[in-house]
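The chains carry the letters A, B, C and D, assigned in the order they are written, with residues numbered from 1 in each.
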Amino acid sequence: MVSQKNDSLKRKLYSIIFEAETTAGRTFDIILLIIIVASVVVVSLESVVSLRRDHLQLFQTLEWSFTILFTIEYFVRIYSSQKPVNYIFSFFGIIDFLAIIPTYLSLFVIGSQYLLVIRVFRLLRIARVFRLTRFVNEGQVLSRALNASITKITVFLGVVLMMVIVVGTLMYVIEGRESGYTSIPISIYWAIVTLTTVGFGDITPATPLGQLLASCLMIMGYGIIAVPTGIVSVELSRADKLDATSRVCPNCHKEGHSSDAKYCDNCGHLLRGKA
Amino acid sequence: MVSQKNDSLKRKLYSIIFEAETTAGRTFDIILLIIIVASVVVVSLESVVSLRRDHLQLFQTLEWSFTILFTIEYFVRIYSSQKPVNYIFSFFGIIDFLAIIPTYLSLFVIGSQYLLVIRVFRLLRIARVFRLTRFVNEGQVLSRALNASITKITVFLGVVLMMVIVVGTLMYVIEGRESGYTSIPISIYWAIVTLTTVGFGDITPATPLGQLLASCLMIMGYGIIAVPTGIVSVELSRADKLDATSRVCPNCHKEGHSSDAKYCDNCGHLLRGKA
Amino acid sequence: MVSQKNDSLKRKLYSIIFEAETTAGRTFDIILLIIIVASVVVVSLESVVSLRRDHLQLFQTLEWSFTILFTIEYFVRIYSSQKPVNYIFSFFGIIDFLAIIPTYLSLFVIGSQYLLVIRVFRLLRIARVFRLTRFVNEGQVLSRALNASITKITVFLGVVLMMVIVVGTLMYVIEGRESGYTSIPISIYWAIVTLTTVGFGDITPATPLGQLLASCLMIMGYGIIAVPTGIVSVELSRADKLDATSRVCPNCHKEGHSSDAKYCDNCGHLLRGKA
Amino acid sequence: MVSQKNDSLKRKLYSIIFEAETTAGRTFDIILLIIIVASVVVVSLESVVSLRRDHLQLFQTLEWSFTILFTIEYFVRIYSSQKPVNYIFSFFGIIDFLAIIPTYLSLFVIGSQYLLVIRVFRLLRIARVFRLTRFVNEGQVLSRALNASITKITVFLGVVLMMVIVVGTLMYVIEGRESGYTSIPISIYWAIVTLTTVGFGDITPATPLGQLLASCLMIMGYGIIAVPTGIVSVELSRADKLDATSRVCPNCHKEGHSSDAKYCDNCGHLLRGKA
């Protein structure tokens, strides 16, 4: 009896916390969303010195309230899961855990409460709340395209890294320690800042030879940004076509019908599927 | 009699002010264009301290003249419209209204006259003046392509925002308050400056660990700019193809058949033309 | 007799100076090339204070020598042209003229000799010297693609300009005169620096609201760079296809054979033309 | 007898050092890899003043150990090669040589040991170690695409260079020596920093006219980045298509027929497969 009752409670909790089909489930998700955003905002504002000085009490109260709420939620999630271990070691299970411990850690380690911003990743659940499957789909198209081009991008980044190490060291040798290039690691950092066209300007070449080498690095960085862009464009275009060519004519086997086509545009035969 | 005369005046005013078919209409539009540009230039120059000190009288005279002219124009527009309410709440109606009130507001709120630059949006009418339908068309192709990729870009921006919040906070924890990263909001601002490869250099990492994290962020920002570029390229290319191969079905009038299609993919009717 | 002799001299001079078919013509062009590069380098180095102080005499001698050489060349070009007026008002005629006058002007206006760097445009003749028709062709493909997308890019730049004016003014109102945004023109300059992701850092927002607006502007600038890139990609891809589809099969009329194809890949018929 | 023994030793050494098919060969390559990375890290860290002061002895011992190891390896590579001269003047032979001499040079020239980072290029062997033919292939696709677009990119860079020289000189004339634009070469360096959107901010325009010209240069740099990106996108897309549809003629063995080709475009023979 008790276990049955328990089971029905578990199912109910599960549908509220993990799903967004029922009114209760949706309401829970929306409230959770608001609390997550509020808690990230509170952590951010707490770090502003003037605000912290004046409202320390308020910030700490809010932070502990949010943490206790999230802790309760975490344990209810574990309790209501059919296989708690699966939840705990799932992507969202780990995020949920990391989203509460910094507050407890802050009792021992000063400053660790700022790691609470990891809570922002909990917002990835947002997609489910608004039933934004469209967003999830588009996200999948993007990440598929990025995955397909990961080898090309790794090769590209490897070449960039070697270039940055060599140019950084040359700048260290050319410019010398007086002009900001105080060590090879710092010079490599400068080379990255320059190649990526960020250009902070905290370290800049002062000698003519250094400026010449920097000019070459900048033009290279300006030019090779074309490479990842080209890679991703091609992959996205391919993913786009794949998306569009998933429907085959059952009569003439022509591929590439758009998702809203009803008839084959080659032989006029009726198509099966989505449209 | 009076109402008829009134009606004919209204029609005439309407054709002059709202249309550009007649000589009078075109002349009006060109004069309006010049006045708008002149008024934006005057507002800009007035803000330069040295000019303002020497020519305050001149600037104020010009500003009030422009405002009075635009106010008269605004009321004539309302008067000559058949349905004044439609005009008032249309896009251009609101712009026209916002383009005059800052001067009146400046009597009460100092500095509000600078908001007059909103007048620059009145220049969007420019397309009509020069009958630049070609520009309008191209603008529509661009905005259609941007609209089609808005979901992908939203997903992309969401991921970027989370990344910036997390990296910003980490930098705050790593660098500490001494080196410019005085609060989490400031650190997030820095992360945006860095990720977008703007790199002002007003805040820069000083610790080795901070420079390492900044390097990762820069390389990421340098690499992921490929994503929106790829998205827009694919959409523009698609919009372009649709434009170029816009074949219409003679049976169901569906547009957008590709150039090698033989049958309508909506109703299966034989297509005429290229294929 | 004299006029005939004159004519033959003219023709000979013309073939040496304007053409690169004969050995004399090619030798002339290569010497000219070296002198142009040398004269640009001399003008550049003359501007370096330390070099100028020590070698003023040398620089002035060289500069006047180059100018006299170019002046003689200019008059010989006019003399040997069949229609001197055509040459004088041609693109290269004007460049050749502008490449000599700054030295004479420098007798009256101090500093005008630096405008001699306009000589760098004379290097555009380089293509002919090395018979680099391949470069000229590629340049034409590029400029055709840019021309085809000029309307789209104008629309894009118009929108960017309006955005920059409005955001610049808002920053002026928000930040106030104390923090570098001393006038609306300066603020617009800052907005351009920021939107284009250059980010000098000579002016930076100091207020939280200013930093928020700057963040939005940066993310916008980072995102909309995709637009011109997409436009040019599409146009280049189209130009590329046009290039590749210039050969039609005389039997089955299939287009799109690559330039090195000998047989139609649709019906196997022999192709005419390039290959 | 001796020469035979020698030969067998040579072959064994060759298979260990140059190949990665045997266990011994793979082990050798992985150990080599670790030593290379370690030696680059040591060279980098040695340049940090605080570390150098405290651990000079350690750094020098490590550096000489690595160099002696690499020297032995170099001579064994020469010894075990069948044609030593081919190895010595091959790409990797030169890299291997350059990776050891700086340490010996540092006995005579102070600072030359930092050139040891050239060792980072030895990591290009990494591909073989992990049998990463996939990476090598992708690298070849990328470099083929870059090679195919090298003419277009040269034209583009030539135009950029002329633009930068002219704008740099104009800025020198406009801004004058007081505001950082101390010579034409420096001004050209600034123009490169600005056009590539790096924007260090070490030199910035101070006059209204200079800021106007800088704005134009920035917008140009922001816009024309589309050109190399478009070029590389088109080439990558073409390389991609060739890759995907690489059909070989059974008669003349010509590769690269598109997926809808029925006949070889080189000899007119019927193709097998997809079409």
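The criterion applied here is as follows: contacts are C-beta pairs under 8 Å (C-beta built on N, C-alpha and C of every residue); 3 or more make two chains touch, one makes a residue touch a chain.
Please read these numbers as outputs of a predicted model, since none were measured by experiment.
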Smallest number of contact steps required from chain B to reach chain D: 1
Chain located farthest away, centre of chain D as origin (C-alpha): B
Approximate Å spacing (C-alpha centroids) for the pair chain A, chain C: 41
Centre distance in Å when chain A and chain D are each reduced to the mean of their C-alpha atoms: 30
Gap in Å, rounded to a whole number, between the CA centres of chain B and chain A: 29
Junction residues of chain A - those touching two or more other chains: 185, 197-201, 221, 225, 229, 231, 233, 237
Complex contact set, residues of chain D against chain A: 40, 43-45, 47-49, 111, 114-115, 117-118, 120-121, 123-124, 134-135, 138-139, 141-142, 145-146, 153, 157, 160, 185-186, 189, 192-193, 195-202, 221, 225, 228-229, 231-233, 235-237, 240
Chain C residues touching chain A - in the complex, by the definition given at the top: 197-201, 229, 233
Of chain A, residues touching chain D in the complex: 151-152, 154-156, 162, 165-166, 169, 172-173, 177, 182-185, 188, 194, 197-201, 204, 208, 211-212, 214-215, 218-219, 221-223, 225-227, 229-231, 233-234, 237-238
